[in-house]
Amino acid sequence: MQLGLVHFLILSALLFCLGLYAVLTRRNAVAILMGIELMLNAANINLVAFNKYVAPAALNGHVFALIVITLAACEAGVGLALVLSAYRNLETVHVDEINVMKW
Amino acid sequence: MDRYLLTLTTFVPLLGGLLVLLIPKGQERLMRQVALITSVLGFLVSVWLLGPFEIGRAGMQLLERYAWIPAIGVNYHMGVDGLSVPLIILTTLLTVLSIAYSWKIETRLKEYLFLFLLLETGMIGVFVALDFFLFYVFWEITLVPMYFLIGIWGGPRKEYAAIKFFLYTLVGSLAMLLGILLLYFNAEPRTFDILELIRQQPLAKAPLLAALAFWGFFLSFAIKVPMWPFHTWLPDAHVEAPTAGSVILAGVLLKLGTYGFVRISLPMFPETFKQYALLIGILAVIGIVYGVLVAMAQTDLKKLVAYSSVNHMGYVMLGTAAAAGAVGVPERAAAATIALNGAVFEMIAHGVITGALFLIVGIIYDYRAHTRGVDDFGGLAAVLPKYYGLSTMAMLASLGLPGLMGFVAEFLIFVGSFGVFPELAAIGVIGILLSAAMFLWTIQRIFLGPKNTRWESLPDLDRREAWSLAPLAALMLIFGLYPKPLLDVINVAMTGLVTALK
Amino acid sequence: MGQLAAFIVLSIVTLAAAVVVVGSGNIVRSALSLIPTFLGITGIYILLQAEFVAGIQVLIYAGAITVLILFVIMLTEHGSGVRFRQVNEQVPLGMIVAGALAAFLIATFVTTAWPTSSGALPQYTASGVGTTFMTNMVLVFEATSLVLLVALIGAIVIARRER
Amino acid sequence: MRELAWLIPVLPLIAFGVIIAFGRRLPGQGAYVAVAGIALAAVLSIGIFVQGLGHTEAYEANIRWVPYGETALDLGIRVDNLATLMLLVVTVVGSMIFTYSIGYMHGDPRYPRFFAYLSLFAASMLLLVLANNLLFLYVGWELVGLCSYLLIGFYFEKPSAARASMKAFLTTRVGDVFMFFGILIVFLTLGTFRFDEIFAKVHEGAFGALTIGGLPLLTVAALLLFGGALGKSAQFPLHTWLPDAMEGPTPVSALIHAATMVAAGVYMVARTYTLFFQSPDHGALTFVAYVGGVTALMAATIAVTQDDIKRVLAYSTISQLGLMMLGLGVLGYTAGMFHLMTHAFFKALLFLGAGSVIHAMHTNSIKEMGGLGTIMPSTYWTFLIGTLALAGVFPFAGFWSKDEILLEAYHHNTVLFVMAALTSLLTAFYMFRVIFYTFTGSLRNRHAHPHESPPVMTRPLWVLAFFSVVVGFVGAPFVGAPIKHFIDFEGLEHVPFSMGMALFGTLVAAVGIGAAAAVYHWKVVPASTLRRAAGPLFTLVSNKYYLDELYDLLFVRPTVAVARFLRNFDVYVIDMIVNLVGFVGIGLARLYRVFDQYVVDGLVNLVGWIAKALGSTLRYVQTGRAQNYLLAIALGVIVLLAAGLFR
Amino acid sequence: MSLPPEDLWAIAPEIWLGGLGLVLLVLDLFVPANRKSIVGWAAIVGLTLSLVPILGMLGVTPRTVFFGTYAVDGFAVFFKIIAVVSTILVILSAMDVLRGQTQFEGELYVLLTFAALGLSFMAASADLIMLVLSIEFVSLSSYVMAAYFKTDRKSNEAGIKYFLFGASASAVMIYGFSILYGLTGQTSLYGIADAIRTAPRPALIVAVAFALAGLGFKISMVPFHQWTPDVYEGAPTPVAAYLSVASKAAGFAALVRLLMVAVAPSAVDWVTLVAGLSAVTMTLGNLLALPQRNIKRMLAYSSISHAGFLLMGVAAYRGDFGAPGLLIYVLAYTFTNLGAFFVAVLVGQRLGSDDIPDYAGLAQRAPWTAFLMVVFMLSLTGIPPTAGFFGKFYIFGAAVSGGLLWLAVVGAVNSVVSLYYYVGVVRAMYLMPAPSAEAVRSPVALTMALAVAAAGTLVIGVFPQPFVNLLGTAALLLRL
């Protein structure tokens, strides 16, 4: 069996859903952020794999992946700052306790 | 000057209203004067219409047409014919009387007067608009002031009544908007011009769409009229509205619905209307009988008058439905013309009579007894002879007594509709009988019987009240005895309409 | 064949570490497990001839982001990282949703006829990436700098205390 | 003169307007204006009558009233012999009654208003008479109804008067509805309201073989028109309002409810006689005759049992109107109209006489009176003349006209003839019952201080008494019976005068008078004995055959009940539906919230609970709202996928 | 392969905005803490000046620049105008609110200016990479702004929630984009359009569905709407205004470009999908708005429902009323909704409450403000002669002419429902008695913002012709 596109896609799908699972179930905002990072990584695997197997003529996939990594870093920075700020005030980072506003 | 006469008629009240807004707080007297002068001016301008208006000429006159939103073919297009002119004058007249009647309003006077004048502009606008876009804009403009008039100056359940009125009529408006759009997109070339659309008959070949559009318009107009079973906003709105608001509501706003049926539904969808004419006629007759029976059981005088409006608007709808039922049958054209003449005459008559009735209720409720319970009174005839005389006259006019306006209208409607839907007309005549019973019983309960000590000290009509009723009483009598001048105006338009429908 | 073996090993490392990230009851362990995950993915990138991406992945993800996350965890969970329950009651539902989505995605990916190209990537992609950034993607490149700036300002504004 | 005919209704109308506008400030508080108005109208009418003796052509004048399409409905008048006769009756009798009222109403707080109403009535009645089309006949018809309403309720402080006025208006309106349908049928079939055109078209057979529900349309139309007459002329079964209408002032009863308005029904049938006459087999006429006969007999029986002097006269009026209808129905066109004319004079006289008595006694009950003949001689003698005329005693007016009716009935229908004869008998009986109770014997109410009425009241009595004597001679054979030439329906043969019938009529009257004298004067058989002997029959009759109660049960109560029901229906059903739509909207919003709280969370909890049951270490804790949102993203994507894939 | 110099002219507005942001950043360093409004006024001046190059591009021939990554067309220009104008107004409204609430006042103006740049990028992105970048650009600044009042618990919560929701949604979207890239081998939307015709269906649907998650989040489309009320309620009111208008408008720009350019040629029945989403979105938004008492939450749900109306325009975009309908609705909604939020800013600031019952008697205490609020509420309901009516008129027209009559009916019913809660505000202001007679005064900057919003609402309602003309060119979306 030859290593092919589909293998990478399966990996990315699994990784994406692991990330999604974290997003859905973790209470800690930081852990949710980690899940989001996993999802972004899954997308990046896709992009790089597609670039190799589908569109090797240009390197748009690589560029895309690099931009996503950059954005992930930005999100992490801003997100963590938000978590810190919220923690100071609300004294929790558990999103199910951040629940003043509803309905 | 004549070139801008309709614009002038429409916007004079609004200008006056804006002027009122500019008057600083504390100058209540000046506000009242400005508002009254404006309304009188508006009335005079509308009467001035009769000068350049050629009564014998069919079709739209005094046309004004300027591009407004040319990108989608919207024009500022106004014009009047024998259908709209009397309604415009009715509007301006009732506004004058309402403002005169409201002389004693103290709370938030400035807003009150402004809203009243804005309302007047909206109503006149509907009657002169010949472009659907313009028509719709004016149609909607009437809702907002009425909401406030009921909501701020109304009775104990004013909020409920106001929002009910607003929601109910907005349902209809939006249905109409969709109908308008259906017409627009099926026209070739696309246009919002009512006359052009009538000429084109864009939906004539698409019965399903025509039916959809027709029912869209129907819903809007039927709620406004209001036809049974869309009438339940009316009693609430009337009971809670301040007296002058009720006068305008019953006198003019309801007419917007019937005006729509005659001006738009009938010529725009003749075949579809004919198809459903019987059904609509049945609803109208239910409204006639139902309205008067429910009125009979009321103990609140205002509600009683409100339900009698349901009854009277039923007559108008019966006439209109009969005219629709005669579409395409040349031998019934005469009946259709009579029915339509009657329907339009009834619009005016009802405006005058019910306007007077609401003033009458207001006079006793606002300024004297502070109750509207029919059973609270009794024996007032001896205490308030002038008031008794005018009330009785108005009620007799309302029950269709010959010599007064209501009779001519009802007579024509029944003569006309009997030729098309004899069974419906037959049932409808029972409504006349019942409304006689209803009003006589009311007169008996309020005015007759032994002198009631509780009301012994009530003063009779003062000069201002008498003068706000007198013009209406005079109209009832004049057009009741000699309706020709008014019917000459209406007849030309209605004959033209029926001829167009063949 | 060797590639396939490498892929399998890397995948197992990546996924196993990711499972720990996702499932560990200890938030610090979760965060630390990010490192093998990201490194595994780096390997995958190398398998896919994306050397530059791989390098950046190591630098930014395995390095910067993980460290940042650990810092914040230390600041917010008082260092211990075990005192709190880490998952909410949506676990079963989350499993079902995530599992179903994974199954669906995999099924779709396997059955889809991807428009694979017979062409090949250049020998070294790093320079190609650079060229692309300076030509086709120059606007993206420039805009990215502004995004970074905004993120910087934002993070500072939010993270600093009001006086 | 005829060109001025339009002035006849206008003059009283002007009087009405003037009195309403100026009231007490006028000379005589408006009474003189009213009298002047009617008197001028009378002068004009007499002029037209005199001028009309030579003419045979009718005079018509029209003005446009309601345009429709290219044509119009016209307001028009028609002066022909029939109208002239009615004008004469209305204006002359009217003048007398107006004059009488000056005295009778003296001191009433609403004195000017009374004369205003009277003038309005005169105007309406004259419009009705002069109308050359059904529409304006109907307009006048309704307006006299209005005046009747206003005048019956003139003493509105009395609840009974207020009720009676409403009853009168509504009962007659029931008839009017039928009449309205009749008018509609005529108009829609023939396209016109004008009498001359209608008659011409009917003659041409415009109705042809049209039928409705198996009946000839023409018959139906005629009978519907007759429905109006049922109400207005108080014919069975719509007669119940007239006795109650006696709550009005007595001059009103005399003018409206005896002489003129109630005769309008008869006039209308005569006016549209062609329609009745042309109906197949005279079907419509036969119906009219039977209704008249039944009415006449029934009312006469009731009159015997009444103690209220005005009610007796009221039932007498009903009875006599029935007799007129009977006359018209048995092809006695002239006879019917003749009786209308004579009846107007002597019935007005009787009412005014009764008014004079009431004025003196302040009571209506004949049982409280007695012996007034000596106290009020003028009243007594004039009343007696009227009674003799009504009873049909030679040579008083009633004799001639009633004789004509009996004659016509005899020639055409035996059953009806018997009815008419019985009616005559009863008429003589109950009228003399009144005479004996009122004017003979001794005064039974000791507290009363009766006195003769002032001249302004007695003079009109004498004038009317004069007419009651002489007016019948226009039908007398020895002067050539000019009435038969003046009022004549084309195509009808007059039955020649018969001495036998005249004698029979006189005999009937004599029997009636004799019986009354036996019971009430000589007291051969006391009234109470008779009453006991009649037993249940007497109860039935004296309670007016329980018709009022029946109508109340059948019509009034159900209507009110339905009205009440519908009011509740409106509030609790129709409006509820509307409100329900609103509630559902807000309810949906709430429901969604509940859904979110219980179903989404519940699902979560349920799965958690199952997991726990399976030995998981999960604990139930509060919801993590933010992650519910995140879950929504996942679910949303899945929904979108499903939506995309399964389309 | 070198860059044509005119491409730089084509992004002149963006360059100006970026430069402005940097200048402001520096300026902020030199302005003393109590005079930070200088930065705000500078931002306003700069943003207003940026309208010059933007308007200068109105009649531009549609094309792409920067090697196909960036579109220059009327459509983009239109949304840039919306972005800049709403940013100006939001800054005006924010100046009074910020004072004393935070020491980072100047930075907010910088962030808003950069956000305007990000919105411009969003509206014009012609490449998936650029699109992702610009969306994140806007998102990152929005997260920060939502959490700007760090001492306010609600604001913290809003920031966290917004961030988690937004980051998750963009992760999903990026994953979708990666599949789209895999299916076509292109990142340029115009390139994708070529290749998408033959793309296999299930995977394509996955890509579209995932992509909709990210964009749906931006425009608060059901079922990606749930963050909206919490964030609007918690965020500083001017920021909520900004999110409800500017970022939503840009989201629609991106959505339309993605759907119309890239997805439309494919076999996916996206019209029905969007129409369905439209119906669900407007209905749910409306129903949930009914029981709200907090004006910001009410406006949040109302903005969800308006997203539904805008989606109606998207679904009917291909009809000749669709494009102008959507755009005029966006325009109308921008002015109206901003106006409504500005009143909320004023009341929140002066009365310290966002609860609708606390608006009682505002008609007496601030007659003009109350009157304007009535105008805004009527406009949101869609009653003439306001901009909202004209927008609805157009968008219903689009639906009717696009064969989506059922959707127009749903929209009509929803308009009626919406009246109920909009009038609730009017009712409080006019029908309820005022608890105190003290006048509520509006600061200068906010008054200006209100005046502009009201003028926009009324002028578009009464004289829409110039705007329709404008849209004639703006509707020129660069397509293949």
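Letters are used for the chains, namely A, B, C, D and E, taken in the order the chains are written, and counting of residues starts over at 1 for each.
One rule holds in what follows: a contact is a pair of C-beta atoms (placed from the backbone, for glycine too) under 8 Å apart; a residue touches a chain by one contact, two chains touch by 3 or more.
Predicted model, so just to flag it, every value in this text is computed and none were measured.
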item	value
Contact-graph distance - origin subunit A, target subunit B	2
Excluding subunit E, groups that stay connected where the other chains sit	one piece
Mutual neighbours - chains that touch subunit B and subunit E alike	D
Remotest chain, subunit E as reference, centres from CA atoms	D
Chain pair that, of all pairs, has the most C-beta pairs in contact	A-C
Longest centre-to-centre distance from subunit B, chain (CA-based)	C
Separation of subunit A from subunit C, taking each centre as the mean of its C-alpha atoms, in whole Å	6
Separation of subunit A from subunit E, taking each centre as the mean of its C-alpha atoms, in whole Å	26
Separation of mean Cα positions, subunit D and subunit B [Å, integer]	34
Geometric centre distance via CA averages, subunit C-subunit B, whole Å	71
Subunit C, residues touching no fewer than two other chains	85, 88, 90-91, 93-94, 97-98, 101, 105, 109, 114-115, 117, 136-137, 140, 144, 147, 151, 154-155, 158, 161
Shared interface positions of subunit E, touching two or more other chains	129, 133, 136, 140, 143-144, 147, 150-151, 159-161, 164, 168, 172, 182, 185, 202, 206, 420
For subunit A, residues that touch 2 or more chains besides their own	9, 16, 19-20, 23-25, 27, 32-33, 44, 49-50, 54-55, 60, 63, 67, 71, 74-75, 78, 82-83, 85, 88, 94-96, 98-99, 102
Those chain pairs that satisfy the touch definition	A-C, A-D, A-E, B-D, B-E, C-D, C-E, D-E
Residue ranges of subunit C touching subunit D (in the complex, touch as defined)	85, 88-94, 96-98, 100-101, 104
Contact set on subunit A toward subunit E in their complex	9, 16, 19, 23, 29, 32-33, 36, 39-40, 42-44, 46-47, 49-50, 54-55, 60-61, 63-64, 67-68, 71, 74-75, 78-79, 82-83, 85-86, 88-90, 95, 98-102
Touching residues on subunit E, where the partner in the complex is subunit C	1, 3, 11, 18, 21, 25, 66-70, 102-104, 107, 110-111, 114, 117-118, 121, 127, 129-130, 133-134, 136-137, 140-141, 143-144, 147-148, 150-151, 159, 182-185, 195, 198-200, 202-203, 206
Subunit C - residues contacting subunit E, complex	105, 108-109, 111-115, 117, 135-140, 143-144, 146-147, 149-151, 153-155, 157-158, 160-163
Subunit C residues within the subunit A interface of the complex	3-4, 7, 11, 14-15, 18-19, 21-22, 27, 30-31, 34, 37-38, 41, 44-45, 47-50, 52-53, 56-57, 60-61, 64-65, 68-69, 71-73, 75-77, 84-88, 90-91, 93-95, 97-99, 101-102, 105-106, 109-110, 114-117, 119-121, 125, 128-129, 132-133, 136-137, 140, 144, 147-148, 151-152, 154-156, 158-159, 161
